[in-house]
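Below: one structure in structure tokens.
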Amino acid sequence: MDFNYSNEQMALQETLQRFIARDYGFEQRRELARSTLGFSAGAWAQYASLGLLSLPFPEEYGGLGGNGVDIMLVMELAGRGLLLEPYLSSVVMGGGLIRAAAAEPLKRSMLPRIGAGELKLALACYEAGGRYDLSHVACTAVYRGGGWRLSGEKTVVLDAPSADYLLVSARSSGEVGDSNGISLFLVAREAPGVSLSAYPTQSGGRAADVGLEDVALDANALIGVVDGGLSPVEWAVDQGIAGLCAEAVGIIAALNEATLTYLKTRKQFGVPIGKFQALQHRMADMLIAAEQARSMAVIAAVAADAEDARERRRAISGAKAYIGQAARLVGQQAVQLHGAMGVVDELIVSHYFKRLTMIDLSLGNTDFHLERFSNAP
Amino acid sequence: MDFNYSNEQMALQETLQRFIARDYGFEQRRELARSTLGFSAGAWAQYASLGLLSLPFPEEYGGLGGNGVDIMLVMELAGRGLLLEPYLSSVVMGGGLIRAAAAEPLKRSMLPRIGAGELKLALACYEAGGRYDLSHVACTAVYRGGGWRLSGEKTVVLDAPSADYLLVSARSSGEVGDSNGISLFLVAREAPGVSLSAYPTQSGGRAADVGLEDVALDANALIGVVDGGLSPVEWAVDQGIAGLCAEAVGIIAALNEATLTYLKTRKQFGVPIGKFQALQHRMADMLIAAEQARSMAVIAAVAADAEDARERRRAISGAKAYIGQAARLVGQQAVQLHGAMGVVDELIVSHYFKRLTMIDLSLGNTDFHLERFSNAP
Amino acid sequence: MDLKFTPDQEAFRAQVRAFIEAELPADIRARSRLGKRMQKDDMTRWQKILDRHGWGAVMWPQRFGGSGWDVVQQHIFEEERADIGAPPQNAFSLRMLGPVLMTFANAAQQEYFLPRIIAGEDWWCQGYSEPGSGSDLASLRTSAVRQGDHYLVNGQKTWNTLGQYADWIFCLVRTSSEGRPQQGISFLLIDMKSPGITVRPITMLDGEHEINEIWFDNVRVPLQNLVGEENKGWTYAKFLLTHERTNNAGIGFCKRALKKLKEIAAEQLSNGRPLLDDPRFRDRIAQVELELMALEITNLRVLSAVANESRTLGPEVSVLKIKGSEIQQMLAELQMQALGPDALPYLREGLGMDWVPDPLLARHYPPYAPPLSGQYFNLRKTTIYAGSTEIQKNIISQQILGL
Amino acid sequence: MDLKFTPDQEAFRAQVRAFIEAELPADIRARSRLGKRMQKDDMTRWQKILDRHGWGAVMWPQRFGGSGWDVVQQHIFEEERADIGAPPQNAFSLRMLGPVLMTFANAAQQEYFLPRIIAGEDWWCQGYSEPGSGSDLASLRTSAVRQGDHYLVNGQKTWNTLGQYADWIFCLVRTSSEGRPQQGISFLLIDMKSPGITVRPITMLDGEHEINEIWFDNVRVPLQNLVGEENKGWTYAKFLLTHERTNNAGIGFCKRALKKLKEIAAEQLSNGRPLLDDPRFRDRIAQVELELMALEITNLRVLSAVANESRTLGPEVSVLKIKGSEIQQMLAELQMQALGPDALPYLREGLGMDWVPDPLLARHYPPYAPPLSGQYFNLRKTTIYAGSTEIQKNIISQQILGL
């Protein structure tokens, strides 16, 4: 039982904090969100040089062998800085999936390049009508002539526009909704038959719908075993959720700081509005929510490394559902306590609020995970 | 569209208010709750002379032809006065059921006597394992030799100990849970084979479990049509729920008044605690809840007279679910704002709180009715 | 006590509905149904249509050219308008300024301005809040100094809604610094075309331009544009705020939004089945529907009490404002939540009618989707503007509870 | 960062569990499992058993006869105790008075009183609140006047918990009316057998006798029963309150209550099916379970931070107190709700072990049912006592947020 960061972790934290303060101010971030790419290629290179992009990978693949707590630490700061780079998609989920499920040669070829920032991945695991159900896969994978043919559509694939490769879940057998019969494929975004309909997201990132028209793949494009793709995808998504939980906790903390400062500086009726007890108690509620949310993010970060899938799923769904509600409280109240200043684009408050809202709607919202938690004994 | 009481209604209101103020003080009420009978026989006689006991019955049966709004008016004051008499069981549900479903001779013989206070009824419609489901009837009714035989058990029958007759739902055909096959019988509490296990309730009333061992009944003990007993029982229970909604609204209003007075008189840190903004806003929330709950009680009172059963059910379930939540907020916060004075037996506040809690748990709690409402389009 | 509408009222409802169905331009209706961006032109066209029919100011007494309807008739009209999808009328002109002019302005002002409002010739906006004066409105600093036959106005107003469209602005200005801050305030009518006025747009969190900062630099305002007495403006301002809040319950708007929410939840699929079949989501809809059912009655109870006692609305409107704004927010939030992952795309083009989505996107992303997340963000304002929820609770505790 | 217990800690847990399983008298265990009334005798017997094993004061340092366990060990002990159903120890003696005596009392007082507490010879109760002094404790008026070798104590204390069992009471008394009210308060130890003490029971809303009013009429208290310095009592009082709150999170109690709630929900039937299968009720359980999961970690984070920085607990305990008390209330409410209609009967006899219910009732009314509604009512106190939730939020906003 130990709640302290190691010295390495604290060093990493400080480096990243310095980087955000120096190179990732609110104005720069807004410019990046408006840019075509939607994030900073320079920042991405810096993450590589800081080792962030290889953090979770084992040493033998040029990684730092980091664990869930290391990712929590990074993602919390990603939240505070509202970082736009596809870290979660490319490193935590994409790279994590390669590491967890791909064959040895592929790992050896890809992980170092991901870590070096030369390669970006995106996870294409949701489809129309499935909402957040990972087994709702209609996209087909047919084995023919020594290779695979993929056809279908994946929706709202986060960070797809900038990804070199997509990790696509497709149905190699069974019916839509079956847990078995889902296989996982590595598809070059530029491959013939792959089409993207790209758009920005409500919180400044990028995503796309992906069309797959009879896309031809080699046999070795298959990641893991045929028909056994669901559990690695669930694992990868759970890694992503743990990351989102930490990101949300970083934003919650930042919003509480901003709101507290506003309460102390904004004067009405001749006094700082923080002198009004109703607002003081609201702020106290927000602090309590932040502490509880942080505890849940710790639970999720530790559970992300758990061997037992049921244990992992339950803890991580619980954390996502709890933090979704805490984020809603803090986000809405931070806006409310900022009054009109909370609903304008020019302050970071509204951007934090929008990001928290989109975090809830990503990789399964509060209701989805509340159900998954409460259905698990 | 009219939200005013008629002159008759306002006169009735004043009479009842005077009666409560004069003859039903908090101390008297505590004595009554401790007494063997559990309520005031004298009050019952007075209700009769005031016409309350025949209020909802048609003129031709010696009634006043009152409607749901009249009952709302009475029940709101019953809440304010924490009246213990079995008005809801005997007049609203029991008498109402006789009026709605019984054969002409029975109506002519019973309704006037109920109105005169000579006869009391109780509705025995719930069974073990059914929770609040009225179709969960295992108690059997067998037609043999020109009469009926009832066997089984009914649980937590409100006001059974003082009732002369029980209205019992029993299964004449079909399986437990079937809507059809339920028949309704009038059973003398003293009839051979009827046994009671009586107890007080958490809010000062009386109830009992009822055992029926091969109870023999005449053919005319059947109320309404064979196998068609569920919808009249549902109707009667909905009348009772509308009454409970009004009772809760009366208590909520009284609790808000008591709490407001306490906020103005209780001094801490040299000022009345009502000067603290956090408590002011809490009190504002309680006032808003009271206004909204009152509107729902009006909806329920009007819906109680509705022809269409689906419309009636939906509105009344909605009201019960909404008021259950409003009552929880006001009850818990009234106790909280009274501090230690809120958790002692010697103030009426805790008795109001306990009654609100038991109202929620009677005739279907918030969850049960929320489901019934949200399942109805 | 009776919740049924009278036959006359039902007939009136049918008449209102028939008129709106017949007269509301199809393009406006489509825009509002899909939650697309409304143009000033939409509102003005609709105002002129209403005016031609004699319904240009349904909440005004007849002697000022209004329809002189009672509260129930107004409620019915509002309900039908919102349900069919006719745009709201300009509340600043009709609900806020109108009553002030009718009550406190002189005959000349009434005769000039009121008809132009009904005819949709003047678009009014509000000049109340200032950077340093939000909840504490009385601390406002924009000054108006008498100079011969006019005032010289200097200062800055903010959180001004749709001022970019406005012909006129009604302003609270400081004409004296004597005594309590409330005592030195006057109520001025200012032509937006006056030299020295600068309108600077403020982008809202949903990326849209709805509010502005307005700068006054030596703006000359004729003395005859003063409403009532100099330094008595605070009285008129509070009178206006009460009227502003009367419709903040927004029952009609909410009933329409609830209908739409149920339509969306029935159409959106979760794991291949309609979201409406998910008991968890249906419960959330049920909870807000119950709040709305209750508020509709609470609203009518307040209005009829006011009518019976033939008085103006009091602090009880704070109850309506608090609940109404919360319900609007809950409905918008559930509409967004109903989209699930499809709430993530930010497609501004989708706010226009002429937008044609990429076919890949169009197969799962319905035409009503683009505005929903932005609307949830945008409606956070409802518990902030027109007196924040916190201010409303102060009003309740002081003026109703006497705390 | 690591949430796993070390092998040593796991071994310790096994040792603790084995001891309690072996030593806890069966009748006490049964009573606590079924939520029946606890007797003083139960707690005293258990205290003596713990003492014989050297575990009479697990949160005290060894030099005062405590076990000197670290926070994690204490957490494990508390968890196992609650899970198996051993009664809590007397918090007034061990958690409140103990730390005060160890920190501020003189050697003679420490040597006399502390061993008697561990041995279960003295039962202590608290004399803090007065009718006029609840949240505003410093306004207390019970007076202690020096007379030769003793104080003469007069006044009234209230909300005194289990004083009917007490051998001793620690009291805040006013020894001076000079300066700020906080400055005239002293901390006295008073023998409950002293002439002039009257204990009057107060019936709680659940009908039980748990708290008292205590009257002091010229009660003679030897000067050597003064703790620390005269008029410095407020410092000791605040120190005590912080310690009082440390265990208000009640993690162990809550985990046991959650287990019980799930057992009840699995056994109770709704329409013939286990209530636990109802998604609506299961969600309610899930929500409180999540709060508890989070609070357990928050609690350990606070305790380990305190340990690392080797400081005493600060205002952060207010967070634990607020959440812990809310969770206790939610769990009690859900246990009652799980009973449905069976929550209505009020069967006081059912709080005793020897109660035999009527067979008709017994067929659907389980032995764990009688206390549940009363417990929900009773636990409303948890957000009121030991500093109400409102007071805790004041502490957070002033001492943590600096507002």
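Here the chain labels run A, B, C and D in written order, and each chain numbers its own residues starting at 1.
Rule of thumb we're sticking to: a residue touches a chain if its C-beta (ideal position, glycine included) is under 8 Å from a C-beta of that chain, and two chains touch if they have at least 3 such contacts.
Since this is a predicted model, take the numbers as computed values, not measurements.
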Using mean Cα positions as chain centres, tell me which chain lies farthest from subunit C.
-> D
Looking at A-D and A-C, which pair shares more C-beta contacts?
-> A-C
Roughly how far is subunit B from subunit C, going centre to centre by Cα mean, in whole Å?
-> 43
Rounded to the nearest Å, the gap between Cα centres of subunit B and subunit D is 38
Would you give the residues of subunit B that are in contact with at least 2 other chains, written as numbers and ranges?
-> 276-278, 280-281, 370-371
Among subunit C residues, those touching two or more other chains are 279-280, 283, 390, 393
What does subunit A use to touch subunit B in their complex?
-> 276-278, 280-281
Can you check the complex and tell me which residues of subunit C touch subunit D?
-> 279-280, 283
The answer for subunit A against subunit C in the complex is residues 126, 128-133, 136, 153, 155-156, 158, 176-177, 195, 197, 199-203, 207, 209-211, 267-270, 273, 276, 278-279, 332, 335-336, 339-340, 342-346, 350-351, 353-354, 357-358, 361-362, 365, 367, 370-371
Once bound in the complex, which stretches of subunit C touch subunit A?
-> 129, 132, 134-136, 139, 158-159, 202-205, 207, 268-272, 275, 278, 280-281, 336-337, 339-347, 358, 360-361, 363-365, 373-374, 376-378, 380-381, 383-385, 388-390, 393
In their complex, what parts of subunit A are in touch with subunit D?
-> 1-5, 9, 69, 260, 263-264, 274-275, 277, 280-281, 283-285, 287-288, 291-296, 298-299, 301-302, 318, 321-322, 370-371, 373-375
